[in-house]
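Single-structure report; data block below.
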Amino acid sequence: MEYIYAAMLLHTANQDINEENVKKVLEAAGSEADEARIKALIAALEDVDIEEAIAKTAVAAAAPAAAAA
Amino acid sequence: MEYIYAAMLLHTANQDINEENVKKVLEAAGSEADEARIKALIAALEDVDIEEAIAKTAVAAAAPAAAAA
Amino acid sequence: MEYIYAAMLLHTANQDINEENVKKVLEAAGSEADEARIKALIAALEDVDIEEAIAKTAVAAAAPAAAAA
Amino acid sequence: MEYIYAAMLLHTANQDINEENVKKVLEAAGSEADEARIKALIAALEDVDIEEAIAKTAVAAAAPAAAAA
Amino acid sequence: MEYIYAAMLLHTANQDINEENVKKVLEAAGSEADEARIKALIAALEDVDIEEAIAKTAVAAAAPAAAAA
Amino acid sequence: MEYIYAAMLLHTANQDINEENVKKVLEAAGSEADEARIKALIAALEDVDIEEAIAKTAVAAAAPAAAAA
Amino acid sequence: MPHVASWKKEEVESLKELIESHDVVGMANLSDIPAPQLQKMRRSLKDSAVVKMSRKTLMSLALSESKKENIADLEGHMEGQPAMIFTDMNPFKLYKILEASKTDAPAKAGSIAPADIVVPKGDTAFKPGPILGELQKVGIPAKIDKGKIVITNDKTIVAEGETISKEIASMLTRLEIFPMEVGIDLVAAYEDQTVYTSDVLTIDEEKTIADVQKAFTQALNLSVNAVIFNKESVPVLLQNANTKAMNLALNADVLTSKTRDMILAKAYSQMLAVASEVSGKDADAVDDELRE
């Protein structure tokens, strides 16, 4: 999951999620930075709206609470 | 959330969540690294079992919900 | 509500919830400390399990997350 | 939660949530008053309308529960 | 998901999930077979019990919320 | 499930799900390719909107979490 | 072909030609199809399939004389009023189309129930009269209610596979229950050296959709659990990461832009919870605004 957190960190800091940046963050965290995985991540993120993806979590989280009430 | 993401990144990478590491990660992500906030983060996480805290659903405002139910 | 917050603060700090302590906290917060009310509070709290009362608020946990996201 | 309770206490007592006040309250409650955490607390609350934050979250919490009820 | 389907297909057919096989399947499906991504796939699957990973729900996100409710 | 996996692979790779292609993929995966089953699959998939079926799954994904509450 | 009339010879030749010129040859049963309906079906199949009725002997002859391997096996699948169907479409698809074009028809005395025949409870169009006794006689629970004859319970009147009696058939028709399906029954189909029988040709579309969904879910699960990045898994991984980060921040009471309001509200609701316990013991222990 390091890759995902690195992407989220860059996103929150308003930085480009590109190979160089992801690698830099991972290395700062003492994590191995596999080029292929970084590439796959970036390619996958191209069509993804991070804010939207995160917002969906909350929706899913809200449902059980409602059901339990 | 940058500070939390940085902490999650370090935790996932099996690194110590200490001032130096958090700062390094935040800076690599091009994020401002405020010393006081880093210190506060570390202090807040000191007594927390991170694995448990991650898995446990956060407890938030319940009373009004209960009242409505 | 100050009285309750004062009591919770003492509880979280592992201090006795007694007249002297509640008064000290309220005064530090610049709040008026009504003796009779403090006494009534302390008497009432004797039969209340604060942890349990707080734990009950967990029921709707997830709902606010939705709004915040 | 001590820091949060201290802030809420001051807020309820219509006092400024500043370093000095938070520290005073925490110390009166026999709690350790970590400077960094106090600073982080104050920074985080700076632009926050506490009443609104509470009301907003509470409303959100109630909505799904109400729907289910 | 092509890479995943290719891996699942090989797994179900009791074939080794190795570079050569994944490539062969992807090419048969008229899909581009990126060497780096194949390598990343194989590395990621190395320590994974595929049967288990297939069955375990991915949307873990909401589960803790449900559990708490 | 090999036949379905093969079909999904072709679908994801934007290739026609026809006898020839399914057979090619299955054989590349070292799987036996039974002509009748391939034909049955293709006839069955003709009226199935794979994207729609997938979209429904995604919606359902959130449901079990809710159900668990 | 000695002693065979020339029209028969021609018909066999024409069948053989059709066999040779189509990938798929089906053997169907046309029993019980009213002529107008058969006409309609033929018309709707016009562009995709040819339906040819002929004598059994002539069809057998054509099949046995065909050079296509194993096609003679179709002979064993002549049932009722057999007819041959010629098409180039996938035999599974042919079966699906024929099944879909079947229509409901009234029960006939002596025919076999294709499935359980249920008379549903509820109002009927019948006015009170001797029909009540007739219903009861065939085992349908009925009574008079508000000037109408009402069936009181769902009743399975003929089980699957049982023969429909004359009385029941006529009653079902009067109740406007049409339990039979009429259409071209494809008994078997030949393609590429193989004869597929109807049990093999049946497609369960719902199961196919369920399988597609299962495959996708499995692929998504595997991608997420093994942290393999693709378009589908990354949003879920982001969600999971966000949930974990939020859990950590909220449980450790770390104030961030996203957790601040919630943590404040948490403190407030905890205070309310304690206050409510306290006021339950002594209303004077809390201030006015907290009194319930």
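For clarity, chains are labelled A, B, C, D, E, F and G in written order, and residue numbers in each chain start from 1.
In this text, contacts are C-beta pairs under 8 Å (C-beta built on N, C-alpha and C of every residue); 3 or more make two chains touch, one makes a residue touch a chain.
Not measured: the values here are computed from a predicted model.
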Chain whose Cα centroid lies at the greatest distance from that of chain F
C
So which chain is farthest from chain A, going by the mean of the CA atoms in each chain?
G
CA centroid of chain E to CA centroid of chain F, Å
15
Using the average of all C-alpha atoms in each chain as its centre, how far is it in Å between chain C and chain G?
62
How far is the middle of chain A from the middle of chain E, if each middle is the mean of its Cα atoms, in Å?
20
Centre distance in Å when chain A and chain C are each reduced to the mean of their C-alpha atoms
39
Can you pull out the residues of chain B that are in contact with at least two other chains?
1, 5, 8, 40-41, 44, 55-66, 68-69
For chain G, write out the residues touching at least two other chains, lowest number first.
215-220, 227-228, 230-231, 233, 236, 239-243, 245-247, 253, 256, 258-259, 261-263, 265-271, 273, 276
Per the touch rule, the chain G residues reaching chain E in their complex are 215-228, 230-233, 236, 239-240, 242-243, 247
Chain A residues touching chain G - in the complex, by the definition given at the top:
1, 3-5, 7-8, 37, 40-41, 43-45, 47-48, 50, 52-54, 56-57, 60-61
Under the stated contact criterion, what part of chain G meets chain F in this complex?
90-93, 95-96, 191-192, 194, 196, 200-201, 203-205, 208-209, 211-220
Inside the complex, what are the residues of chain G that reach chain D?
253, 255-256, 260-271
Of all residues in chain A, those that touch chain E in their complex
34-37, 39-40, 57, 60-65, 67-68
